[in-house]
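Should a chain be cited, it is by its letter among A, B, C and D, assigned in written order, with residues numbered from 1 in that chain.
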Amino acid sequence: MGSRIAIAAAGICHRYGRRWALIDVGFELPEGAATMVAGRNGSGKSTLLRALATAVRADRGTIHVLGVDARAERDRARESMALLDHRTHLYEPFTALENLRLAARFLGQPDTRAALLTRLDEVGLADRADDPVRGFSAGMRKRLALARVLLKQAEVVLLDEPYGDLDPPGFVLVDHMLERLRAQGVTVLMATHLLRRGQALCSRALVLESGRLIFSGPAASMPQPARTDAGFAEGA
Amino acid sequence: MSGLVIALRKDLLLQWRGRLQIVAVFAFGAAALLLFSFAVGPDSLALRQHAAGFLWLALLLASTLSLAESFEHELEDRAIEGLLLLPAGPRALYYGKAIANWTQLALLGVALVPVMVVLYDAGTTRLLPLLGIILLGTAGLSAPGTLYAAMTAQARARQALLPLLLFPLVVPVLLAAVKATSLVILGDPMGQLRPWTTLLGLFCVVHVSLCGLLFGRVVEDG
Amino acid sequence: MSGVIQGGEEFVIAAYAVTAAVLSAYAASIYFRLRAEKRRASREEGR
Amino acid sequence: MSPRSRQWLAPALVVVGAALVCAGSAWGLFKAPPEVFMGEVQRIMYVHVPTAWNAMLALSFAFGCALAFLLTGDWKWDNRLEAALEMGVVLSLLLCMQGAIWAKPTWGVWWDWDPRLTTTAVRVLAVGAIPALRAFGEVPGRRAVWSAVACVIAFADVPIVYFSVKWWNSLHQAQSTPETVSSAFHWPLRINAFGILFLWTGLVALRARLSALRLREETAPPPPAEAAAATPAQGAW
């Protein structure tokens, strides 16, 4: 576990039209730490992850990934990060295997059928390797997107609601994936609504409320969501 | 395998999967050629005189359809953003897509030639120069067309916006290609073919390099 | 171009009239749009 | 000069420009002698040629703003780009109208495919498409980059259009608008040229101010941090 700072963010602000999605968000995550990001819908979780992954250029603020300035040396910063986004970054007309092969080729990794099939097997899609993604359910697309993220073997992995759309075996799959990533010393930042599960897997937590960071610290002492939403039932 | 080759294979495969759409665009082009002859009337001499103009007008109109579709799958699940984050070079992605669009337009052009020959009695024995002009002209359409397709695919009313942006820009391609094609079909007594093809070449060089440079800014988010 | 062009004064007048009309119409459009925007801006700050 | 004190500069430019144009036009219309060949029709040149120069200048300024925005990303260049584009289109459109009015008595047709005028017509369409693109782009950041890119490409394309039209049209006649204007006519020409120059620079400055006002939400700084203290740190979210 290196002592370097994996992600250092300071003063991040980003807006969509008039609405500020992120206001003055700043934090530092040590390398190898697993952090969860919690917050209501629309609190800015996705925007934060996309800004860190340089999918979006934040209007203000600085982001350093493993010491690399994400604004100045964007491509170098991108090489060390992998992002699982709501939009799955897949080509609908292509089959699962072709989608993975495309990413593997750009990453300079082996693109043989055997190598890719093992990747697909890790996410339970080996039997659907040659079916076009157009026919996939949301859960299967999420699994393929997860396979694509794992393919990159990045030092920093950003996951935007990895459990979303998945079935119970999918939950277990993600849990194992997270444990494996932590074992490899990979820094993980995971936005999720499954608070108990997140607290079990992550040592640190960030809580966003309408674009502002209202908590940054150990996951155990994370503020819990208010019970005001009548019948707010805790997720699995 | 260089980024360009990967991107090109990806785009050619995308077009192969969408080949039904290419047939539809060809039908559109052929229909346009027919409609032009109705507009001008059955006077075969006049039709033969303007055959080159009709061919390139039909090709230009049909090209906006195939260009507009070329970015549909790139934006569907933000697939192109996925590639950019790998990171894949935007220039490789542009040239891959531009070459794929070029081949599609060139195929379209070659397929429309027989229709033109039949409808307008505009046959020619100099097939190689004709092919050369079609390749140069469609390259001139594809270079800026690909960039503007990427731009308008993300905006509303893209069906209207792409022609609005592209047509004034490709006036030199239309002028030069029509002139060169009619020289090939109707004969070239004073050997004027060379200046027109060099103009086409110049247009392609300028736009291929300029659009390649600017493509990154168009697809990156802000 | 043999002889001097006869007449054509009305075209000269038309050219100047068009120039004056287009430029003043555009200047007026900017003025009114600017005034409307300033009023909207001040109304929003007032809120 | 601070922006506050520059407020009066733009309207002043417009007024001075308008006055110069009136003076130059009056000189051209009434005092200058009729030209040997073209007689009265020649007087259209005193307003046509300055408009041509200024249309090119306005679009070159737009090109400069586009490059500056692409390099610096500073919003004021986007505002000026939007203003200069609109001004360039208006001047080019005006140029086409003047050209048509000039062609009728001289050539008997409203449009004689003169290379420069035809290029201007193409330029009106090419540059005019960019405000339409801006109208359809929702995200201001993306809209600004697109219009800057489109402006750079359109600007690079104009010379090629000119040469292709010139060759395409070379069969009819070389040049239908006179290149050089004899010295006796220089003064009205020069006055009008500066007149239109001041006029359009003043109008562009005002139009840029309008764009800036329209973008004030997008470029306003974020709400201050102390509002954050209002929500209790450890409280529920």
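Please note the rule applied: a residue touches a chain if its C-beta (ideal position, glycine included) is under 8 Å from a C-beta of that chain, and two chains touch if they have at least 3 such contacts.
Predicted model only: the values in this text are computed from it and were never measured.
Between A-D and C-D, more C-beta contact pairs are found at C-D. Chain A and chain D have Cα centroids lying 47 Å from one another. Once the centre of each chain is set as its mean CA position, chain C and chain D turn out to be 13 Å apart. Between chain A and chain B the centroid-to-centroid distance comes to 40 Å (mean Cα coordinates, whole Å). Within chain D, the positions touching two or more other chains are listed as 138-139.
Contact between chains, per the stated criterion, is found for A-B, A-D, B-D, C-D.
Of all residues in chain B, those touching chain A in their complex are 1, 3, 6, 10, 13-14, 17-18, 73, 76-79, 81-88, 220-222.
For chain D in complex with chain B, the residues that touch the partner chain are 70, 122-123, 125-126, 129-130, 132-133, 136-139, 141-142, 145-146, 148-150, 152-154, 156-157, 160-161, 163-165, 167-168. Listing the residues of chain A that touch chain D in their complex gives 13, 15-18, 20, 23-24, 38-40, 43, 60, 207, 209, 212, 214-215, 223-228. Contact residues on chain A toward chain B in their complex (touch as defined above): 53-57, 74-75, 78-79, 81, 83, 85, 87-94, 98, 102-103, 105-107, 141, 148, 152.
Contact residues on chain C toward chain D in their complex (touch as defined above): 1, 4-9, 11-12, 14-16, 18-19, 22-23, 26-27, 30-31, 33-34, 37-38, 41.
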